[in-house]
Amino acid sequence: MSRHRRYRSAEKTLGTSPGTLTYVGAEIEHATKIKRIEFNATDYRIDDSSRLSACRLPGLETPYINWIDVDGIHEPKVVAALGQQYHLHPLLLEDVLNTEQKPKIDIYDEPTPPIGNGNGAVQPTAPVVYVTLKMLHHSRQRQEIDVEHISLVLGKNYLLSFQEERTKDIFEPVIERIKASSGKTRRNGADYLLYALMDVIVDHYFLITERIGDKMDELEEQIVQERATQQTLAILYKLKRELAFIRRTVYPVRDIINTLLREESDVIQHNTLPYLRDLADHTNQVIETLESYRELISGLMDVYYSIVSNRMNSVMKTLTIFSAIFMPLTFIVGVYGMNFKYIPELETRYGYFVVWGVMALVTVGMIVYFRRRGWL
Amino acid sequence: MSRHRRYRSAEKTLGTSPGTLTYVGAEIEHATKIKRIEFNATDYRIDDSSRLSACRLPGLETPYINWIDVDGIHEPKVVAALGQQYHLHPLLLEDVLNTEQKPKIDIYDEPTPPIGNGNGAVQPTAPVVYVTLKMLHHSRQRQEIDVEHISLVLGKNYLLSFQEERTKDIFEPVIERIKASSGKTRRNGADYLLYALMDVIVDHYFLITERIGDKMDELEEQIVQERATQQTLAILYKLKRELAFIRRTVYPVRDIINTLLREESDVIQHNTLPYLRDLADHTNQVIETLESYRELISGLMDVYYSIVSNRMNSVMKTLTIFSAIFMPLTFIVGVYGMNFKYIPELETRYGYFVVWGVMALVTVGMIVYFRRRGWL
Amino acid sequence: MSRHRRYRSAEKTLGTSPGTLTYVGAEIEHATKIKRIEFNATDYRIDDSSRLSACRLPGLETPYINWIDVDGIHEPKVVAALGQQYHLHPLLLEDVLNTEQKPKIDIYDEPTPPIGNGNGAVQPTAPVVYVTLKMLHHSRQRQEIDVEHISLVLGKNYLLSFQEERTKDIFEPVIERIKASSGKTRRNGADYLLYALMDVIVDHYFLITERIGDKMDELEEQIVQERATQQTLAILYKLKRELAFIRRTVYPVRDIINTLLREESDVIQHNTLPYLRDLADHTNQVIETLESYRELISGLMDVYYSIVSNRMNSVMKTLTIFSAIFMPLTFIVGVYGMNFKYIPELETRYGYFVVWGVMALVTVGMIVYFRRRGWL
Amino acid sequence: MSRHRRYRSAEKTLGTSPGTLTYVGAEIEHATKIKRIEFNATDYRIDDSSRLSACRLPGLETPYINWIDVDGIHEPKVVAALGQQYHLHPLLLEDVLNTEQKPKIDIYDEPTPPIGNGNGAVQPTAPVVYVTLKMLHHSRQRQEIDVEHISLVLGKNYLLSFQEERTKDIFEPVIERIKASSGKTRRNGADYLLYALMDVIVDHYFLITERIGDKMDELEEQIVQERATQQTLAILYKLKRELAFIRRTVYPVRDIINTLLREESDVIQHNTLPYLRDLADHTNQVIETLESYRELISGLMDVYYSIVSNRMNSVMKTLTIFSAIFMPLTFIVGVYGMNFKYIPELETRYGYFVVWGVMALVTVGMIVYFRRRGWL
Amino acid sequence: MSRHRRYRSAEKTLGTSPGTLTYVGAEIEHATKIKRIEFNATDYRIDDSSRLSACRLPGLETPYINWIDVDGIHEPKVVAALGQQYHLHPLLLEDVLNTEQKPKIDIYDEPTPPIGNGNGAVQPTAPVVYVTLKMLHHSRQRQEIDVEHISLVLGKNYLLSFQEERTKDIFEPVIERIKASSGKTRRNGADYLLYALMDVIVDHYFLITERIGDKMDELEEQIVQERATQQTLAILYKLKRELAFIRRTVYPVRDIINTLLREESDVIQHNTLPYLRDLADHTNQVIETLESYRELISGLMDVYYSIVSNRMNSVMKTLTIFSAIFMPLTFIVGVYGMNFKYIPELETRYGYFVVWGVMALVTVGMIVYFRRRGWL
């Protein structure tokens, strides 16, 4: 959860000049892997040699769509080099390297004048769309949600994707589709590719919400059938935290897509729009499901509290019934335990049995009384 | 409820190319039924042979309004064929087949360039309005709300309606009206037909909310008259879930109609507008009723909790009164049960009766005390 | 309350063609009364013969303002006839007849092409403003709020008002003002008349909120002075329901007036605007008062709950104090009730009195202890 | 509080024609005082003779700013006369006289055609800004907030101010400033004067919120240090009501100033704008402080409830500990109080002392047990 | 906290003319320190002599960026003098001196005509951007958040920064960067400098939120592991207050930056925009984190309450179990403590042991019963 993924970015970067490239995230040992995929409707080439030199800003007239898929962002040097080759703004690169960055979209819409980065070099920047998202996996061993920081940079005819080196390359299915046939992905531009990658991520949101839905069903059954223990509430609380976390991750995606939809003419082609709208619709469905879960949780808590308070009621009733029956009886037997010289009842032959009778009457009376009040 | 209708769409479609046609929904055994209804102010023809070949995109000059009413969406093949004949976008068809799709409107407003679907074929798409809604029935045997996924596709002079094969054809009354006379439905265009079908669905929302209103009245009576049991809260919770579900189903309908109202010039004729506005107004009434029920439920829960806590209070008072009366008495009789050699009271002739008198005084005193405090 | 005024409109109208005229409301036996009032700055004529034939769409050049005041909407025939004479849209007439219709404004802003109504006739409709509101009375015998469905139709130089035949004609004061002098009402157009009638209705909202304010003051006094009984909460709940109902009735009035304000040029003359703004301001005051009552109620509930829980606390303390004092005493006397052969204390001369002393000490100790803890 | 200042305006004005002048407010015996102040950068004249005749609409070419300060609005005649001399709209005068009127701004932006008031006279109205606000004082003797209804009417080169005759003239400091020197107030127009008067009122809002802040600090200390009594909650509730009341009074001021800011060109001169923006900023600070107090109160209530429930817990623990210790002991001594013929323990020499030992062990065991559970 | 920093500004300034310069804040003894920093891409000069005379409005053609860094705002004279030299509006200076001023932005966008300040002098004002923010430090000794009032005034080629003399100069790192190299800060204009100073402040917000996050983790662990004491809630309450305070401090920063972004053409150069957008993004992340903490706190309180109520339940169960076991036993032994002449059981040889058997049975029965109910 977010708690375990705080990397003290504030302390690290306090006082440094803005745009300084520092990696903020978990330590990773593997080297960064870089795949270069070039394709068009008729042809495709894949170079997974991880050579940086092969990744250069393609000319505007290139017949190929250029996709650089970077797996691992823990080497600022690599990201900086790519940034220089693709003329990216230092602030963009800073966000690529910061795994604490929240999902957002930035459009660097016209070539800005040369700005120096931290080490004094000068980089002209080009018009690009920068999208950063979070990939969510369910980690089985830790029973938690794993978060992966994804950055996508869309240019005229190229796309750069950056992912934390966490599990496997999550964009593998898209590469497979490019290899497999000259389908939609191959016949469309870099903007459709951007859509396809975002679609992979949003599809995983559905998986995560379904898993949470399962847990909710389980809890609901537990609570409604009154098998809830004190731990149930702690689980509900954890679920609530998870929901809040996913919500914070998914909500901005809607804004990102809406911004893309408004940017149509510039970077997004007209026939990609229906796909983006479809993606927006999917995101909305995830959000709506999350909202309905949130409501359910608060409803379940109400039920839980009411069960707890009903149990208390039932405990108190039990106590009261016992007390109300045995206190008078104990009093009665106490009376005839007194040592007064003259207690006439004690002398009678059947006194003892009469007392038993009286006590039986008292008991029956009490039971009738409590049954009338609906306590028994 | 929504819980019972989760078909793991996420797992099914994960990694497939967008626009791949997969049916997501309950298994159904009947074959798909297709009715073709052609009509104008003077004439009508109905063909319920379920032949796909009869369903073709009508020419722009046709003197008839063309209505294809498809009953059953569990055969992707059939839907795909219709989609091809009417030049529908693959994403539209994907939504027709997905019973988990939330209500929405999509306008495919200009002919998009040819896009291949999953199997490589090319389909030109035409300007159409796509509306998807949920039909709500009250299922008597399962005491639950039954949801049916409805899709409506409006073109220049045709309308396609898709419904899950669940009960009977819900659009039967409209077909009856077309048969019966040359009324408004016959004299107007396909847009009025779209309105008429949506009107049927919204009318059913009223029925459902009335049924929920009845349940609420029952519960309110139970709670206010303090006949509520612990189960009452579980029923309230279930009702709350149902309300939330209906709300999520009805809310988007308002947006759908507002979008249609804004689309006037293109697909909706001017004299259909008052009808759509009337429909929007009906939807608002349903929504408002749902909101007022939601408020009522939370008010009822407050009353319920207060009754529970008052009961607890009353249990505790009973216990306290019993204890406060019998504890002193038991103590007193205990005193004279002691075996001290010299206890002067024990020797007196009427000691026993004096003790009884004292105990009566204590009891009366306690009763007076509790009456003063308002506990008796 | 709204609960008692549900007339199963959904079941009645399910499946009928839109625009079919059906009365939805309480059964009424009196015949519909129709008053025709014609007036201008210098002259006025009132015809209360209830003859339908006298009510016709006035020519555009008429020197009079034409007001048809219909008292009773339970005869669809009468309303339909009026609708035909004034060329009203069938959907408008449907709303006039439906007492469950929520407050709203509809503007039928240009002559729509002929549309058939349910029975095949053709009615041309004219540009009119349709406003529907709820009149609220406090019914003394039923201690409830009585709701009356009011419809106002504003044309070029005429106004139609429809009211449920419930009590007396609520617009009587306006008629009196027309009779009395050639004041503002006489010198202005039909739009000012519309304002005057709406003003009558909004004035009654003030009356109702003042009455609720009185009830609130009473309850507040009860609760704050801790004289609240369990019934208090039920009354609070009922009040909350009433408030919610009035809110739902008054809120839309604001939107209605704002729409009228925006329609200035067309149907509302410029010098009526200050009056409408004044009316909007009054409506806002009612709404604000209602909101402040809602807040007060939730504050009162908090106080109530806290009093209940304080009472519980006090009950428990009493119990604990009794137990803590008498349990040790009972134990002590029990000790000397044992029948051991050798209990040295029993043999002493003043053992009995020493035990009394010890018990007095224990009691005093307990009392001091509880006083220190602030329980006594 | 607002409760004590309800003057049944609804019943008074029900059925009267709109614009009828009726005073709604507390009864006041003093006569209305009228001050006329004329000033410009070089000169000033003050006439406090209360003569109405001296108050006339100044010519557009007058070299003076004209300020009429009316102290007392309980004489409709006086207000009506002033209204006639300054050509004010009857609805404006109605609002001046109604102390229940909520704060608002009205702009009568162009000369409306002659409209008759209630008594048949005709008044031409001129373009004016009407602002009504509430002055808040802290009344020491009643320990309540005193509300004073203030109306300000801004014309081309004059300003009319109306205040309830409650305490002293609240605008005295501004008059003093005019007398004192030719500062900003003297060198600027009537719009700056409007600002200066509103500034006086908003400054008093700060005083009131500071006083409430003090009360809150006191309560917080009481609650957090657990010295809260049952009355504390009643005080919190009263504070909450006061806050809600002030909020309703202050919120509209923001809208009023924003409307003034938008009206720049017409009635507000350009160099008054920074002052108005400053005033808006002050109002926002008051509002924000009120909001933070509201949050604090609900936080305090949570703490209070938790303390109450912790106390209950502690009461219950005490009871349980006493019971758990003495019940077993009482049982044990009861055992040896039995009169069976053959109870071997009774015959032993040290039986009595052994029993004491056992009882000591039980007691110690119980104490250890409760200490382990954290109850002692 | 805000409570300790209320300086009765309302009472101080009541009745004074707007724009009067009064210092509102903590008493400070040090003299005001003034640094003048002049720089451009190739050169820089720093004058920290605190001489006011050196600080003059630079000519429009100056080749340097002029930064006056004022440390200490408790000397109104100094601020007034600076204000005069830089032609600042008196209202701006008033805000600089008021440490209670909430964060805001004001744009004095065109030269206003001469306006006198309180002491009669005349100051022409120039187009400037005024930004006021709060610096937040964590004060270790007082375990509280320290607030410092910061004012930034941006002109054509100069920037004035005012800070309370609280700790050290918080803008030291920026001065260091200016000294260190001709990086971004040196090569850009005064607007970039404004950004750099605001960035320093926002970076400290991250520090503060991380510290609060640590406290929250600690509390969460305490509560979830049920080690919470009564004090826990008081700490939660304090945390909530702190969060609310920070929220009120950080929220307006977002609006300030958005206003700056909209002001691009005038005062902010185009290539500063990405930096401001980045800053806006950082601010949003702080806000989002604060919101998520707020949710967490309310979740934790729910868990805490549930634990408290579970504890109560467990206390009550213990009591009930003890009572239910020992009350019957005490009754039984009481029976055989009676002194009736004829109690047959007393005479039997093994009566005593049989009673022990019966009591064992009762005890076992009770234990089985409570185990079945899940209480043991």
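Think of it as A, B, C, D and E in the order they're written, each chain with its own count starting at 1.
To be clear about the criterion, a contact is a pair of C-beta atoms (placed from the backbone, for glycine too) under 8 Å apart; a residue touches a chain by one contact, two chains touch by 3 or more.
Just so we're clear, the structure is a prediction, and the values are computed from it rather than from any experiment.
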Margin query: Between chain B and chain D, how many steps is the shortest route if every step has to go to a touching chain?
Written below: 2
Check: Looking at where chain B touches chain C, is over half of the residue numbers used by both copies, so same, or under half, so different?
Finding: different
Notebook entry, point to check: In whole angstrom, what separates the CA-based centres of chain A and chain C?
Noted result: 43
Checklist line | Centre-of-Cα separation between chain B and chain A, whole angstrom | finding: 27
Next item on the list: Indicate the residues of chain C shared as contacts by at least two other chains.
Entry: 309, 312, 316, 319, 323, 327, 330, 334, 337-339, 343
Item checked: Order around the closed ring of chains, commencing at chain A, then chain B -> A, B, C, D, E
Next item on the list: Name, in rising order, each residue of chain D that touches chain C in their complex.
Entry: 2-3, 6, 8-11, 13-15, 17-19, 89, 91, 94, 100-102, 104, 106, 108, 112-113, 115-116, 118, 120, 230, 233-234, 237, 240-241, 244-245, 248, 301, 304-305, 308-309, 311-312, 315-316, 318-319, 322-323, 326-327, 329-330, 333-334, 336-339, 343, 345-352, 355
Check: Once bound in the complex, which stretches of chain D touch chain E?
Finding: 173, 177, 181, 183-185, 187, 195-196, 199-200, 203-204, 206-207, 209-210, 213, 217, 224, 270-271, 274-275, 277-278, 281, 284-285, 288, 292, 295-296, 299-300, 302-303, 306-307, 309-310, 312-313, 316-317, 319-320, 323-324, 327-328, 330-331, 334-335, 337-343, 375
